Structures are given as C-alpha cells and as structure tokens.
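In what comes next, chain A is part of two complexes: it sits with chain B in the first one and with chain C in the second one.
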Partner chain A sequence: MFKELSPKKISMSEWSEQFKEIDTKTIKKFTYYNNKDWGVYLSPPATFMVYGVRELKRLKFDNSLASLRLWGFVFNESERLFRAKQSGKKIVATLGDLGTIPTIVMAFPDCIPFYPECIWWTPFFNESTVLLDTASELGTPEAACFSRATLAAFYKKAYFPKPDILFASSGASCDDYSCIMQLVEDLGYSPIWLEIPYRRRSRSYFTTDEYERTLSGLEYPKRFEHYLTNEYKKVWKEMAELTGIHDLELLRTSIKKVNRLRMLVEKIKELGNEAERAPFPALEMMVIEFGNLYGYADLDEWLDILEMVYQTIRGRVQHKVGVLSADAIPIAWVTPSAEPYLLNLVEDMGCRVVETEYVIHQALVEIEEDIDPFHALARSFLNASLIGSTEERVSRIRDKVHAGKIAGVLITNMLGCSHCAMETRLIEQKLNTVPVLSIDVPAPFAVTEQIKSRIAAFVETMKWAKS
Partner chain B sequence: MIGYTCPYIPVELLAATGLKPYCLLHGDIQLSQDGEQYVRVDACPFVKSNLTHILNNQEKFAAIVGTTACDMSRRMFDVIDEMTKIPVYVLHNPRTDNPQIFSDEIDWLKSELEHLSHKKLSDDILAIQIDRWGKLREHFRSLDNKRAAHPSVISTSLFYKTATNYYQGNIDALPVVTETISDKPRVYLVGSEITYESSALLELLEQELNIVGDFTCGVSQFLSITVRKKTLEGIKQAYYCQPSQIYKRPNKEYYDYIKVQLETRKCKGIIAWTLDYCDSYEFESRRMEKNFGLPLLKIRSNFSFQNVSQLKTRITAFKEVLCSRS
Partner chain C sequence: MGEILTPRERFGLLVIDEKPDRCNILPLVTSHAAHVAGVKLKEYYTDGETMARAQIVAYEEYGHDAISIFSEVGIIAEAMGSDFDYPDEDLPILKTPALIKQKIDDIKIPNPRRDGRLPVYLEAIDYAYQAIGDKVPILAYIPAPFTTGMMLSDAHQFLIQTIREPDKIHKIMKKSLDAAIQSCYGIIDAGGLPILVDPLASSSVISPKAYRDFALPYEQALIDFLHRYDFDVILHICGETEPILGLILESGADLISLDRVELSLAIQRLSKKLRIIGNFDTSAIAFSSSRDIKDKVIKMVKQGITSEKGYIAATGCEVPIRAPFENVKTFIKAAKEVAWYWE
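The block that comes next holds the complex of A and B.
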C-alpha cells in the first residue's frame, strides 16, 4: 500500500517515481462506474500527457494518494463518458445552469449528466489552441469566454459522445454561454431551452413583490421560485420520457446524495481555509469545488475520492503540516481561471487561497430536503452567483476581509466576457480595503512575464500592507 | 423623464405616469471612453455610453426601467443602482418562450410605477396613451412604407432623424419628411443599436446604398408594436408578440422574420452593424451570412470613426458587389 509522505507539491516526473510505490491491488481498487473490467483510472499524471495534456509537465500536484485519485479520475472523464455511452447509459448534456439540473438527471438510473462547457480547461491543459481556433472558424468572436471551446468540441465529436438529450439554460446570466448554446443548436443539436430568472433584490422603493430568502440569505421575489420549479418539472418530464421512469422518490434520494457531496466539500473547504497551514493546493481545491456541478460524471466514485481527500486534509491539519509555508498570504480568488497554471503560480509566489467565488455558488449550497423536491431545487438555484447583483456576489468575501482573514483579492477575467466586463470595477471598489489585482487570463500557454510581475507586485503590496 | 432601454418595455405604461419616456440610446466614443471609469474596457460601448450619460445627467431621471435583455445592459443597472439614487426597475425579460413571466413582470412594473407616480394606471388612462403612441406609430409606418417602396422615396437617415422624436418622447407633432427618390442598391440593416449619435454612420452608408428597412433598436423596430386591445392585457400581448429579438432562445423566429423582410423589401444585401463586445450580434454574424444568402457587409465599431476612409472603401466595394449581381 502507498505510504503517505509529508505533504508537498510535486512535479509530474516526481509523481511517476512515486507511483512505482503503489501496488497493483491499490491500482485495481479504484474504478469508475464500479466496473472492475475497464473502470480502472488510477495512473500517474504522465499517462495523460501522452494523450495530449501537455501542461502537466509544468504543473505541480499534491503528493497524496487522494490527489492521485482525484487527477486520474478527472482526466479520465472523456473516456468515462464514451464508455458510458457504449455500455448503454444515457448521456445528458446540461449547459449553462452550472450545478442544479444534474441533480435531476442523476435521479434516473444509468443517466450521466455532464457539462460540455467544462471543456474550457482543455485548451489550457493541452497547451493547444485547436478548439479555440475551430470555435473562431465556426463564428465565435475572439474576445469571448474560453468556454467557446465547447462549440468546437460539439463540432469535432471527439471530446465527448453525442448526448442523448441536451438541456440549455439561458436567461439572466452570462451571455457568452447563451450565444455558444445557440451556435451548438445550429450544428444540428436540439437543446431543450430553460429559463434562468433574474434574482432582483428588494429595494426600499419597491412595494409589490413578496420576497423570500434562500438558505444562504439571498433575497428574491417569491414568484421566481414558481418559474424555476416549472422549468425543473419540464426537465423531469423530458427525462421521464427518455427513460420511461417516473419515480419522485428517486429525485429525493438524488438530492440527498448531492447534499452529501456539497456538505463534504463545504467541510473540506472550511477545514482547509481555517487551518494554520494550507493542507491542500489551490488547484486541487478548485477541481474539488467544480466537482459539485456533476461529480465528474460518476457521483459515487467522486464522493469516495472526496472522502479520501477529507481524511488526508484532516490528518494534515491535525499534524499541522501543509503544502505551503506558514507565512503564505491569505487571498480570495474571484472568478475561476481557465488557466490551471495560474493557481500554481500564485501559490509559488507566496499566496494562499482561502476564499473563492468561482461563479458556482448555486452548486455549493445545501438543497432543502423537507420540501417539494422541485421547489427545493429552485430555491437552491436562486443562490446562483451570476443571476443577481455584484454586491451579493462578493459580500461573503468582504465579510472575511473585514474580519482580517483575507489580505488581498485576485480577480481573473476573460476578455469580452459579459459579467467580467461589467462587474470587475465594482468588485475592486467594494473590496478596496485590501489590495485587489485584476488580471485577464491569457491564451493557452501564454502566461507572460508581465503577468508574473503584476502578481509579484500584488504580493509585495500585501506584504507592505501587512507590515 | 423616465429612462428605458429595451423594446420590450411598454412606452405607453411609462408615459401614463406623466413622465416623459426617454429611450437610453446614447453611443459615442467619448461617452464610451468615459464609461471606462466604471466598467472594464471590454464592456459594450453602448452600455458604457449610456452609463456615462445617466451618471452625468442623474437629476433628469425620475426613474430608470430596464430589462435583462442582454447581460451587460442588465448589469449596467446594477452599477447605476450602486452609484446613484435613481430608482431602478429591472424586469426579467424571458429569453425563452415564457409569456407568464413577461405578463407578471409587466404587472409588477405597473404597480411599482403607480407607487412612483402616485397615480392609478387604469385601463382608461392606458387607453389614452395607447391611442397617442399608436397614432404616432401608424404615421411612422406610412413613412416606412415609402422607405420600402420600389423605388424608395425616404432615406433611412431621414427616417431615423424623425424617429428620434419617438425615442425621446417628443410625440405631439407628426413629423414630416422630405421625399427623394433613390436608385442605389437596396440593403437591409440589422445589428446593434443605432444611437442618437449615429447619424454620420447612416449618412455614410446611404451615400452609396439605399437602406430600405432595418431591424435595429434606434431606427424602426418599434413599428412592429400594435396594441389592439386598449388595456394592460393588450399592451402585454403587443409587446410580447413583437418580432423576436436575436437574443431570444432559440432565435429561429428572428431569422424567419428578417428573411421575410428581405424578400418583401427586395433587398440585395445586408448591413450587419455590430458594436465591439456585443455578444448577441458578434456570435451570430457568421450564421447571418449563411442563413440569409445575401452579400453581407459587417461593420464592427466602438463608435469611433477613425477608420472612416477604410469604411468608405468597404462600402463602395460592397456596392460594386451588389451592382455586379443585379
């Protein structure tokens, strides 16, 4: 069995060396879809470099077995989806809502949800502009969110199998997604369109609407629950038609399982963020947060991986050890970076990420279990990061800034992305009691010295402010 | 004044408050650059311009009404809400076919406007406004028919100048337009907003071309609104059932509508006017070329006219293409 070493971030080559210590029994122990024949996924990161993930040679990874499982599982997703399709499972693309519709899909046996837009990391991991260039040839503007790679992935038909059904959410959210989905439809796909409501805050001069609050305290007009509930019932109906199954008890069970995942991730984050030393790297933590969207297409296995991550982190916290130095500067990260290397880089330059706003708040909150399940899903989605005001989006970070837990804020933007363009200045203003650095995520394999210098200056400013 | 931004906001309802409805259609390079104090450089120049205009003229607005039409404009209201004391009402304008949401949101707006104006906006009061605005639209439709005639006798530049009165709420006098016959190649204009400051663009285009129709906010989009039942329900129906905007999902209806317009107006080409970072049109320009099957001149702009010579050359070349095809 693999012996855990003292925690640190190691390179791909170091992982290859370390992997030799892992016995076959351990390798065979972990499988996706619980399939012992072809579901093995534990392999050193170098395996995936062979398949084109070239950035792995630059990245550093946590040296725990939990991390190895995490990366093997995440990089294996494409294979997993094709296997699922081949073995008769239904593949369901859920675009645009980032976190809620998969809960419905997963209620149906042998139905696998996935987010095609998560392919936005692929050009960066692969250090390749092929998908982005193809997207441009298909009509997307150059200055748009990197999720435009999604369009190219649908066009190339090589990154995930053809979905049996597509749910595309549009409305009071990011325009880039909505436009990409429309172009996907033009490729001959037939998405079922769903409406995302606007979470309109109550104002002192409003008199009419009855307002409600989500579990995390966000206000919304009560009738918006009803609209969303209807949309989720539409998803249920489509899925019931696809599978011939209509058992609401399955949905309740799915919600419970999703809640288990969300609570576990919350525990992991809390433990990591509050620890004296960072017990797990920011890159892995981002991967963990995004797993809340759909469990990387195998929720059971993902839950098991996260249990292992949790145990690893707990052990490290208890022993007061971690992957970063004790004096790493605590920062908040706003908007996820499509470039994974940036998360490594920021840590290498002396920061520690202790709070995040990765536009997926809706996927992090608990879903109520004691009310009608569709209603509960609606209320959980109404926590979404991008459907309300900037004030609501960053208030959690501001509270931590005021509590002295955050020394600086890093915002990673995408050029041309609608919410980045409009929100960033406001966010800078709202959090300006600490240094705020806003950078544009560069194209794949294009992190420049200029960006490094700006991060270095940000770190110096925080150090100066602290002293 | 009561500022508004979107063709789905019923102007009759705003006017019934006693305030003058003023469409926020500002867009020029200076306003846009000034807007970069509040939002990033890669925000839509139209949104940046309107934002600057509102912040510079706060005292003129009793309220502002917007919708969730596009993400950047929706977020503009967030900035206004943060930086001014102007009451801001943002309606959720559904992207998908969802008349119930639209109806409920108009009901909400009506109630809020009643509170703002201390007036009961009864169907009788609304009927007066429906008549006033309907009469004006009828007049503009007759002008539009002359614009679409073969040969066209009213230029879009002139139509646009008079339509400005509609957008700025100056609706008491029916505008008169000088007629001039044009035999230039007939084209149709689609795309981002034509702003109050855009007359130079239209004039430049019409030096070589004859724009015989358009589907743009700022010129004639309002013509498709016909309120048949003189009640709030009638307003809802007319505004909801107007030709679909490009950001609606799916947007097949938009393409179908434009195709009919191209045919009935006997257009030889299309001008696609796209503002920088306007996702709704930038993502669609390739599809437009494919779907409409006519030569398309794409003009992308940030409202600056620094490249006017180049633009002139492109327009002339486009004209030559159209002439060579007829």
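The block that comes next holds the complex of A and C.
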C-alpha cells in the first residue's frame, strides 16, 4: 500500500517514481461506474502525458494518493463518457448553465450530464492549437474566448460521444459562448434552448416587482424564480420523455446528493483556506471546485475521491504541514484560468490562493431541500456569478480583504471572453484597497517572461504593502 | 471524405473501442525514415535528434498515423553489454553477445538514461513528442525479453539451451524482463507509448512450445507491468505466427501486430478480443508495382476494417530501408480510399 509522504508538490517524473510503490491491488481498487474491466483510473500523470496531455511534463502535483485519484479520474473523463454511452447510459450535454441542470439530469437513472465547455482546458493541457484552429475553420471568430474549442470537439466527435440530448442555456451569460452554442446547432445538433435571466435590482424603476433573497443573501425579482422554475420543468419534461421516468422523489434525492457534494467541497475549502499552511495546491483546488458542476460524469466516485481529499487535508491541517511555505502571501483569484500552469506558477512565485471567484458561485451554494425542488433549483441558480452586478460578484472577496485575510487579488482575464472585457477593470477598481493584478491568459504554451515579471512585481508590491 | 481527426485523436478512439473517422494507417516506417530524410543510417541510430527529425520528415512526407522510434531489436541487449558494429549505411550488427564475455549474474540492468544507445531513443522520443506529440502518437518499440535474451547470447547456443538448459534461459529472461521494464520507465517519462516487439519469438524462429515456455510468460509480465499504467499494449511479432495465434490471445496484449498469417484467419480468431494491426507483405512494398500494391492494400483494408475491436492498416514488418517512396505513398493513398468508418 502507498505510504503517504510529507506533503509537497512534485513533478510528473517524481510521481512516476512514487507510482512504482503502489501495488496493483490498490490500482484496481478504484473504478468508475464500478466497472473492473475498463473503469480503472488510478494512473500516474505520465500515462496521460503519453496519450497527449503534454503540459503534465511541466506541471506540479500534490503528492498524496488522493491527488493521484483526483487527477486520474479527471483525465479519464473523455473515456468515461464514451464508456457510459457504450454501456447504454444516456449522455446529456448541459451547455452554459454551469451548475443546476445536471442536478435534474442526475435524478434520472443512468443519465450522465457533462459540460462540453470544460474542453476549454484541453488546448492548454495538451499544449495544442488543434481544437482552436479547427474552431476557427468552422467559423468562430478569432476573438472568441477559448471555449470555442467546444465547437471543434462537437465537430470531431473524439472528445465526447454524441449526446442523447443537449440543453443550451443562453441569456445573461457569456455571449461569446452563446454564439458558440449557435454554431454547434449549425453542425446538426438540436439543443433545447433555455434562457437565463439577469438578476437586476432596479427597484426605483420596476416598482411593482416583489423581491426575494437567496440563501446567500442576493436579492432578485421574485418572478425570475418562477420563470426559471418553468425552464427547469421544461428540462424535466424532456428528460422524462427521453427515459420514460417521471418521479419527482428522484429529483429530491438528487438534490440531497448534490448538496452532499457542495457541503463537502465547502468544508474542504474552508479547512484549506483557514489553515496555517496551504494543505493542498491551488490547481487541485480549482479542479475540486469545478467538480461541483457535475461530478466529472460519475458523481458517486467523485464524492468518494473528495472524501479522501478531505481526510488528507484534515490530517495535514492537524499536523500543521502543507504544500507551500508558511509565509506564502494570501491572494484571491478572480475568473478561472484556462491555463493550468498559471496556478502552479503563482504558487511557485510565493502566493497562496485563499479565496476564489471562478464564476460558478451558483454551483457552490446549498440547494434548499424543504421547498418545491424546481423552486429550490431556481433559487440556487439565482446566486450565479455572471447574472448580477460586479458589486455582488466581488463582495465575498472584499469582505476578506477588509478582514485582512487577503493581501492581493489576481484576475486572469480571458481574451475574447465578453464578461472579462467588461468586468475586469470594474473589479480592479472595486478591490483596489489591496494590490490587484490582471493578466491576459495567453494562447496555449505561451506564458511569457513578461507575465512572470508582472507576477513577480505583484508579489513584491504585496510584500511592500505588508511591510 | 476529408480528414477530420488528427492521428492522435484517431488512435485515442481506437483504444477505447470507438470507431474513428477512418482506421489508423501505419506502415511501419522505422529506419526507412532515414532514407526519406536523406541522412546516414548510422547518424539516424546514434543521434536522437536526427532520428526524431527523420521520423518527422517521413511523417510529413507520407501522412501516416504515428511515428516509430526504432532502429533495431538489439537496443536493450547492447545497453546490457552486447557489442555491436555500426556501419555507416546499415543497421548495427551484433558482434559479441554479452553472455560470451560475462555470466548472466554479472550483467547489470541498464539505466535508460545512461547505457548504450537507450539515451538516443529517449532523446528522439522527447524531441518528437515536443515537436508533434499533440497531433501524433509517438510509438517507441521495445524488444520483448525473448528477443533481447537472444541478442545477449550466441543465437545457436541459446536455441539449444531452450531444450537442454531451460533454467538458464529463464534466468536470462528474468534479467531481460527487468531491463525491458527499466527501459519502459524512461520511454514513458519521455512521452513514448511502448510497443513490444518480439520478432525472434515468431514461429519462423522457434516452436510454439518454446514460445509458450520462454517467450509468452515474459511478454505477459511486461504487458502486466504496462497495464499498471493503463496503457493499451501493442505486441508486434513479425514472421510466421499462425501456429501461435491461440497463445497470443493469452499474452494480455490489447493490439496485435502480425506479419505472415492470413488476415481473415487472424480476424476470425483474435478480433473479438484484440485490435488487429497488419499485415501487408513488406517485400511487396519494396518490389511490387504501384498497381499491385494498390490492389492488395485495398483488399487488405476492406477486410481489416471488419475487425470487431478495431484495425490498423499496417505493414507486417518494418518498411524496408530503401523501399521506393512512391510505393509507401501508394500504400497510404490506397488505404485512405477505403479505410473510412464514418459516412
């Protein structure tokens, strides 16, 4: 059995060395969909590197068995989706909503939701422009954000199987991604379109509206809850027709399971962020946070992995050990980076990520279990990061800045991403009581010395501000 | 139909039991790449960057679906102490097998980053991986223990020992297995997918019984090792294989590359469990007319793509070093005419 070592970030080659110590029984113990033939996923980073994930050669990873499970599981997702389809499960693409529709889909037995847009990480992990070039050939403008890789993936049919059904959420969301979803439709797919409302608060003009608050305290016009409820009922009806099942108790059960995931991730984040030393690296933490969207296509196994991560982190916190030095500077990270290497780099240069705003706030909050499930889903989605004001989006970070828990803010600005273009400057202004650095995430494999210098200057500024 | 997938995407689908746009097309362009790139053979097999660049030139010229880092099957034996001659315009020639000079117990397990020309291979893999690894699988041929064992020994004596002194052979096999595993560690970390090659275990060289007793168990062990990494393992045995088709099924390989066997027979007996690779006659690619090659390739590929678990259109063995370029191009073009799975 694998013996846990002192926590540290290690290279792919170091993981290969550690992997030699793992016995075959342990490797075979962990499977997705409980399938012993093709469901084994506990491979070292080198395996995925050999199959084309080239960035793994220069990334660093946490050295725990929990981390190995996490990475193996995440990098197996493409195969997992194909295996799901081969074994008769229904594959459901849930484009654009980021967090809620999968809860409905997972209520139906043997239905697997996934987010095609998560393919935006692939060009960076693969250090490849294959998908981006193909997307351009298919008509996306060069200025569209990296999520345009999604279009190429639909075209190539090599990254996920043809979905049995597609739900595409548009509206108060990324408009460049809405454009990409339209192009997916042009390829011959037939998405079921849903509209996302904007969470406005203009009481002075819309005087007749009733207002409500989400559990997180965000105010919204009550009729939007009803509107979204109807949209989700539409999803339910489509799924019921696809599967021939219509049992609302299954939805309640699904909400409970999703809540279990969300609460567990919240515990992991809290424990990690409050610890004396960072117990887990920022890159793995980002992967964990995004797992809240849909559990990487096998929620049960993902939950099991997270339990192991939680135990690992808890042990490290108890022993006051971690993967970064104790004097790492606490920062908040705004907008997820499509380039995973940046998360490694920022830590290597002396920072520690203690708060995030990765545009998926709606997937992190608890769904109410004691009200009508569709209303509960609507109310949880109304917490979404991108459907309200920038002021609301940055409020959690500002609270922590005021509490002295954050020394600086890093914004990774995604080129071509509509909300980044509009919001990044605003966020800079709203959080300017501490040093704020916004960097444009460059094309795959193109992090320059200039970017490194800017991060180094950001670190120096924070140190100076502290002293 | 136009090409939709890159070779890597195509191979990726094959190994998860999905049919890609068309079957992978992979004439085994190994040292022939030196001929395509116009470099001396000796430079090809003694300089990693040259080997990689030659492979990339060949890939760009032919448009096949993987590159093959390989020169000859003595590579591990050499790192274990066998001496070779290195002619300018030919492949290395075994001069003095290690076991002529040393006892098996004295032979060291090689370090792939240091010993013999294994570092040349690693450099070639690394270079090719960085250059085109996002689009093209980098296949790195690794001699299986039986083949290495024979390259450590006087061949005649080795074959006699399989009958008279089997324990000695097993001892050689165990050491060769360890050496192969160590080599695989280096290959994997450099970015290559190890392909096991065991030409000296074919029925052209040894009996099915000798294969079962001395080659198969060590192929199995090496394949088990690679399965720990969740790799889909290609086993290549050129020469005659019909008498051992049933035994090959027991190897645990996921893809089998065959040479001299009726393709229909291989499909019938193996294709439910294994993806089939093969098996165009390499002397034909060297000496036949374009017309003849085209007709035979089309017939082969039409048959091959009926394989249940998937198929790679390939030559049965390495493309001969000086095979005419036009013949290789004809092979690929003809295969591309009929290789499509997607409408």
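Going forward, the second predicted complex is superposed on the first by the 462 of 467 C-alpha atoms of A that agree within 3 Å, B and C clash if a C-alpha of one lies under 4 Å from a C-alpha of the other, contacts with A are read in each partner's own complex, and residues count from 1 in each chain.
Everything that follows uses one rule, which is that a contact is a pair of C-beta atoms (placed from the backbone, for glycine too) under 8 Å apart; a residue touches a chain by one contact, two chains touch by 3 or more.
Quick caveat: nothing in here was measured; it's all calculated off a predicted structure.
Undergrad: In the superposed arrangement, does A:Asp186 touch chain B (first), chain C (second), both or neither?
TA: Only chain B is touched by A:Asp186; chain C is not.
Undergrad: Is A:Pro141 touching anything from chain B or chain C once the two structures are fitted on A? First, second, both or neither.
TA: first
Undergrad: Who does A:Thr207 touch here: chain B (first), chain C (second), both, or neither?
TA: first
Undergrad: Could you tell me if A:Leu415 is touching chain B, chain C, both of them or neither one (first, second, both, neither)?
TA: It touches chain B, and chain C stays clear.
Undergrad: For A:Ser16 in the superposed arrangement: first (chain B), second (chain C), both or neither?
TA: The second partner, chain C, only.
Undergrad: Which partner does A:Arg54 reach: the first (chain B), the second (chain C), both, or neither?
TA: second
Undergrad: Regarding the shared-chain residue A:Thr24, is it in contact with chain B (first), chain C (second), both, or neither?
TA: Second partner only.
Undergrad: Considering only the touch criterion stated at the top, classify A:Asn126 as touching first (chain B), second (chain C), both, or neither.
TA: After superposition on chain A, A:Asn126 lies in contact with chain C alone.
Undergrad: For chain A, which side has the bigger count of touched residues, chain B or chain C?
TA: B
Undergrad: Following superposition on chain A, which residues of chain A contact chain B and also contact chain C?
TA: Shared contact residues on chain A (touching chain B in one complex, chain C in the other): none at all.
Undergrad: Which of the residues in chain C end up touching chain A in this complex?
TA: Per the stated touch rule, the residues are 4-6, 8-10, 12-13, 16-18, 20, 129-130, 133-135, 137-138, 185, 188-189, 191-193, 228-231.
Undergrad: Once bound in the complex, which stretches of chain A touch chain C?
TA: 12-13, 16, 19, 24, 27, 38, 40-41, 43-44, 46-47, 49-52, 54, 57, 78-79, 82-83, 86, 126-128, 130, 155-158, 161
Undergrad: Quick one: in the complex, what on chain B touches chain A?
TA: Interface residues on chain B, with respect to chain A: 37-40, 42-44, 47, 68, 70-72, 74-76, 78-79, 81-82, 87-88, 90, 92, 94-96, 98, 100-101, 104, 108, 111-112, 115-116, 247, 249-251, 276-277, 279-280, 282-287.
Undergrad: List the residues on chain A that touch chain B in their complex, please.
TA: The touching residues are 138-141, 143-144, 168, 170-176, 178-183, 185-186, 191, 193-198, 200, 203, 205-209, 221, 223-224, 227, 389-391, 413, 415-426.
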